[in-house]
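The structures considered in this document are given below.
Next come two complexes, and both contain subunit A; in the first it sits with subunit B, in the second with subunit C.
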Partner chain A sequence: MSELAQQPTTRTGVAAELMARFEPECLYQETVDGIATLWVSRNRLLDVMRYLKHEIDKPFPLLFDLSAIDERLREHRAGQPASDFTVFYHLISLERNEDVRIKVALADDDLSLPTLTSVWPAANWYEREVFDMFGIDVIGHPNLFRILTPPLWEGHPLRKEHPARATEMDPYEMSPEIKHEQQEALRFVPEQWGMSTEAKHTDFMFLNLGPNHPSVHGVFRIALQLDGEVLVDAVPDIGYHHRGAEKMAERQSWHTFIPYTDRIDYLGGVMNNMPYVMAVEKMAGIEVPDRAKVIRIMLAEMFRISSHLLFFGTFAQDVGQMSPVLYMFADRERLFSNIEAITGGRMHPMWFRIGGVAQDLPDGWDTMLRDWLDYMPKRLDEYDSVSMNNSILKQRTVGIGPYNTQEGLEWGVTGPNLRATGSDWDLRKKRPYGGYDQFDFEIPVAANGDCYDRCWVRVQEIRQSLRIIRQCLDNMPSGPYKAIHPQTTPPLRERTMEDIETLIQHFLNVSWGPVIPSSECSVNIEATKGWNSYYLISDGGTGSYRTRIRTPSFPHLQMIPLISRGFMIADLIAIIASIDFVMADVDR
Partner chain B sequence: MQWRLIKTEPGALMEDVDAAYDEDLAKSVLVGNLQDLVAWGRAHSLWPFNFGLSCCYVEFATAITPRHDIARFGSEVMRASPRQADLLIVTGTVFRKMGPVVQHLYEQLLAPRWVISMGSCSNSGGMYDIYSVVQGVDKFLPVDVYVPGCPPRPEALLQGLILLQEAIAKDRRPLGRVIADDRHQLSNTPNQRDLRTPERMQATTLAEPNSVGDAPLSADLLSSEPRRTEKK
Partner chain C sequence: MEVGFIMILPLVVGAMLGALVLVWWERRLLGFLQDRLGPNRLGPFGVGQMVADLIKLITKHDWVPPFADRLVFTLAPVAIVAAMLMGFAIVPFAPGWHIIDLNIGLLFFLAMTSLAVYGVLLAGLASNNKYSLLGGLRAAAQMVTYEVFMGLSIMGVVILTGSFNMSEIVRAQEDLWFFIPQVLGFVVFLIAGIAEAHRAPFDLPEAEHELVAGFHTEYSGMKFALVMVGEYLSVILTSAIIVTLFFGGWLGPDFLPPIIWFSLKTGLFICFFVLLRAAIPRPRYDQLMSLGWKILLPITLVNLLVTGAVVLLAKG
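Now for the complex of A and B:
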């Protein structure tokens, strides 16, 4: 797979600049995705990061992802420095339209490295996750507590020796004592977070919102420090929805992990399949036929609309409008009729496959879809007059919870939440993937970055998605819906019934799983809520060695305290609604 | 009500008078025991707790909205506080970190209270046999009805609700306060798969996989049209 970089002169872009400055403490690694991947020593990590963020020409303001890899059982590591645990940092520069991945090797007996919270505030939660999942000590971190697992958890789940299955562990018990102990461990202690309980003229009140509250959109908990009704500070507490998807990926085959991706952003349906299957296809070298590409885009945009409609309805509901959510759910049902006719499923169709999609489009899909496309714009006009132009909704949301583009990037904000601040960064335009370059659509951009604008951007995106779907409908290419390639899983049915080789391919890929060459690859897409990327590492087996799922909602939640300080509790509800997250997309 | 005039001459047949009296009585007075009446009332006024864990909650919310309309079954009174609710629908994955919270909320529900386990995760852990997930909410809560699916369609949840209502209507609990285990569980919720398999085995025509079936067009689904205001 990879070779040590002996001639740094052959490198271009950020890799060349880093090599020139930090050689020989900097090693280049080849990856399938073409992202400049460099190993740096732990001692120089902060220097490299500060250089990339502040000093380099056209810097990297966005800490896109940060996680680790347990390398102890990995066999194919040719060209990489010895490492038991590798911590990786994925940075993105919008100005350059370039990524860089920095890796730090750690030995099993010395699992520690310095914190990056002084460089990127967004590093805070990511580093807590690295500590929680791998037991890596992050020196200098302000509050290095567990983040996803319960506070009394033992062990670090993403280490290879930790059991994956619940059925391999002791049976779950819930006695009154255990319940009491666990509830006590979850108790919010202000001092633990460096909060004072009183100020000069006031005693602060601490209010626990969640983990079960109708307006926190799932099992999310946020502890509020209040002066009267004004928010002084807040501490979000997550992990109540941690389903261990990354550990699950290490145990499923490449093929049988697809259903789990549907449930990451559970409002995004097949949108979640896309980055995953695209990353696997890149590693396997599969070229997807045009028809499959267009079908994928069409379905993904349908789910973008479904997700945005649900967001729009609940957003209006959270600021006091009771009716729109009912109308929008009815429209969502009309959309689901189409999705169901095509895929057979509703929320989780798990319909994309390695190399294409599960089935060809059914007879009559176009009539049905065209009918819905004709119907929808009128409804959107109505929602504009009912909700977006409603003066109460405006009073509740305009100027509430604002941030600018620079703050957004600093905290890892992507997607519609970033475009609400005036940035036009949409991966479908800036880095067209999966065939988006063939479509004619616009990127709605707002300016103020407040609750109203975050909603406005999504409402406009619904119209643009309708445009894309209509183009798919009018220009659906003919041809196969799956690639003809040995790793396509399962292969085209017509061929399976025809020749024994394809039948064997079907049998092996479905029962054992397709064998993907040892490599590393990440694919990043514009999902419903922001940038969603899958960073897959294959050790040449039928399943993934390590799957890192970077979801947009995780950093978005981390930012809540910053944008809600000084506002009232009722404003916090509007802010939470405007962020548009689902907890499965946060905790995975 | 019908009114009749009857001549009360001496020697007239008294049966006519009695028949009219009985008929009126049957229409205006309900004779039964109090337990039956309470069970009937409980069955048709289930107040669900507004509680969601994961994906299934979205399908539960869909069951409330126009096309499915849970109000048809008397259960649209969603309560945000467990103290005002008597039905806990466990919608989604029961996480280990969430377990004590679910237990706590259940204890806060008013008795008599019922539990519907919605979806594979809540039924058995489903596809998530993973370290952070409890393998079924019945590991610590008494479940009355299990609704299968990942997630179940709203229709499936409504069917679960109807089965629960039928079971509650037949259930008899002591009316006064007694010292007994409060984890009273309904016994008459039989496995629907066993009941329906023979009927399902009779099916001979199945939907073609390459057709859209008889799915309705958007324009035909006018049941929930918002009231149109006149355009200026």
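Now for the complex of A and C:
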């Protein structure tokens, strides 16, 4: 069991530098993912963070994740300081290619800590989420109110005492008074959102775009402050798609949560399974066989193409080009037929399992796929001439909504949206996971970070994914599709009939599901829209104690006001389209 | 100059039917262009779809939003359709086939399309909705701007003919259709015509991705149908005028009667309008305006100048 223990300060990397400077207010914690995890006292938090961002040699510019853990019911916490609620910060340095996780312990009767918004603007929404989900007061935060739940919600959902199911609560009734009250609470008051209603020579118009609007791709609301058609300010409002996926994870078994992950980024399909099952495998020490690895990569890349095709089509549609989306949906259908032939599912096949995939590839699985691989590049060439080289589309998107690499990192931007600014950071290359180091492909990088480049990068990625899939086809290893490991695969049938021990094991595995040793692990992958990580905490049970899902779309949306000010309504639509988000991925 | 009263009824019925058929035809053609089927279930090639659409629209709840200006809200679609139908009065479909052979036919057409702007603008204002307001404002700016080039672009034709009378313009093209000497005028008129009909790609007043449905966001049922009929009528009318001014109207070899020639040519341009909608993205509002004032206006003025000079020189 990889239990946590405090160890002497013979650390390397950022841990050593931090401990040298902040010892003894700094405590090291062992985790299975190997990320330097340090406990810091609340009073020194800002110092540590400023040090990590500005002063340290090769700093950490990216606030990758920020959330909390309700520790009150956790049993296995050996080596960790006493804490009722722990707030954690996950930082990444691209220069060092290193992560660091900072944890702050809070006592139940004093739930507050200072805000980080002065260090990272991206902390704003994350801290609101911590407040909303855990009721932790963030001192000095500019607008600390609920972000995912409705304004009049009672309780804080991710606290352990908050019910997880409707059956644990009294039947819900919405009387006319409550309805009225709820609606009033949602009313848009410009001053509350930090907007003034008039300037020196003009009265502003406020336009409520969404939550139901043709171009917001789901239920997403932006309050616009307009001077004529020019945007003075835009404030995104999220939470309309919140389903409490992180809460659900706490009452599902390790296996039964897999289908829920498919629906986080609902265009990413099995891509969502990947970080989750990889994190569980790491905690249980399961080694995945080669064939399963290649099958996983192949399906993940198929979903990358599917997601990018949908992005491309809707992007063209949002700048007013009507046809491409229909061509691309047709191509996507053909791709789904392939996915269906292999997995039996289309958009959400929930195909990955802890230790491998659900079933072996069917006989003759590659014929259909080869046809599609031959067909697709010609279509992409056609789309280049129809859309990417269209002068009106260029006029609408070149130079619109730009940001540079530094601004991007500051706001937590990852994935294609970051590579559009000239950074070549792709986790598949920089930190090859799941077998990506065996493949030959390139990372497309653009320079300007505007709407056009964000689209261009994705179009090129489709071509690279096609390359990867072809390599999977040509080099599919033989062997088992699932690890033979007691935690994940039921004992073989012949043996269960032989002795009682294996029979019991079979029974427990099927009825309870695997018991994962108490540990903490996060796995970060290059998902379709950016970096998607699952931070799992096991308390030695059959389900996760805390599941933190860090999705790329969440910080991407937070950046909208910054990159849309001064542009027109039509540009805002292009910007929204180019960001490529899925509201389920934002709200979880 | 006599008024062809006998033509009025067939023309109104014909134009409305034409608009209805066009709804079906556009959906079929778009379906073909976009690798999909389009309506194909009701009747042969789905022609029954237009009847079904019509029944649906007529029987829908006729709703006026409580916050709208009721009178103007109701009258605006009527104004759009009425102005467009009036425009058809001066179109010569074949020799002698017209409602009125006005000496100022062309000016009458321009006047009627200008009136239609009021319909759109008032619809946007009366809805009392911010999206509609933005749509109405865009419509006003766009249509007023493009009116200018529309008027100027056809003056070359008037110079060549020496008349505003539509029949005479057609007869003047017996030797040479005007789109050859007036190619610049034709191109500008075509672009201005699309903008005037606020059809994609210049459908900024109703740009669905930005303004939901723009000036007609609040319309439903029969009033919505009237707005759409107005748009289709304006597609037909613009095509008919293009054919009359630049493509010899009813003129054509003798093996087909003139009315068929006229219809064929008009139909071709209608298809072109649909094709444009399928192919081209929408420019931004300010880009459309600067295209108008910075590119189209100089082109039309040069065209006018050259045409005038050539005609003067030819006269000696």
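Points worth noting:
As a convention for this text, the second predicted complex is superposed on the first by the 554 of 588 C-alpha atoms of A that agree within 3 Å, B and C clash if a C-alpha of one lies under 4 Å from a C-alpha of the other, contacts with A are read in each partner's own complex, and residues count from 1 in each chain.
Please note the rule applied: a residue touches a chain if its C-beta (ideal position, glycine included) is under 8 Å from a C-beta of that chain, and two chains touch if they have at least 3 such contacts.
Owing to the predicted nature of the structure, the values given are computational and were not obtained by experimental measurement.
Looking at the shared chain after the overlay, A:Tyr327 reaches both subunit B and subunit C.
Put subunit B and subunit C next to each other and count what each touches on subunit A; the higher total goes to B.
Touch criterion met: A:Ala164 reaches subunit B, while subunit C stays clear of it.
Of the two partner chains placed by superposition, A:Cys26 touches none, neither subunit B nor subunit C. Contacts of A:Ala584 after superposition on the shared chain: subunit B is touched, whereas subunit C is not. In the superposition on chain A, contact of A:Met283 is made with neither subunit B nor subunit C. Legend: residue contacts after superposition of the two complexes on their common chain; A:Ile563 is shown touching neither subunit B nor subunit C.
Residue contacts after overlaying the shared chain place A:Gly244 against subunit B, while subunit C stays out of touching range. Judged by the touch definition given at the top, the superposed model places A:Pro214 against both subunit B and subunit C.
By the document's definition of touching, neither partner reaches A:Val459: not subunit B, not subunit C.
Where the contact sets of subunit A with subunit B and with subunit C meet, they give residues 213-214, 323, 326-327, 330, 386.
Chain contact summary for the complex, subunit C toward subunit A: residues 30, 33-36, 130-131, 134, 200-201, 203, 207-212, 277-287.
Contact residues of subunit B toward subunit A in the complex are 50-55, 57-59, 61-62, 65-67, 80, 93, 95-101, 103-105, 125, 127-135, 139-140, 150-151, 153, 209-213, 215-219, 221, 223-224, 226. Only residues 148-150, 157, 162-167, 169, 171-172, 174, 178-179, 182-183, 186, 211-214, 218-219, 239-244, 247-248, 259-260, 263, 266-267, 310, 323, 325-327, 329-330, 332-334, 337-338, 340-342, 344, 346-348, 359-360, 362-365, 367-368, 371-372, 375-376, 382, 386, 583-584 of subunit A touch subunit B when the two sit together in their complex.
Only residues 205, 207, 213-215, 229, 316-323, 326-327, 330, 386-387, 390, 392-393, 395-396, 568-571, 573 of subunit A touch subunit C when the two sit together in their complex.
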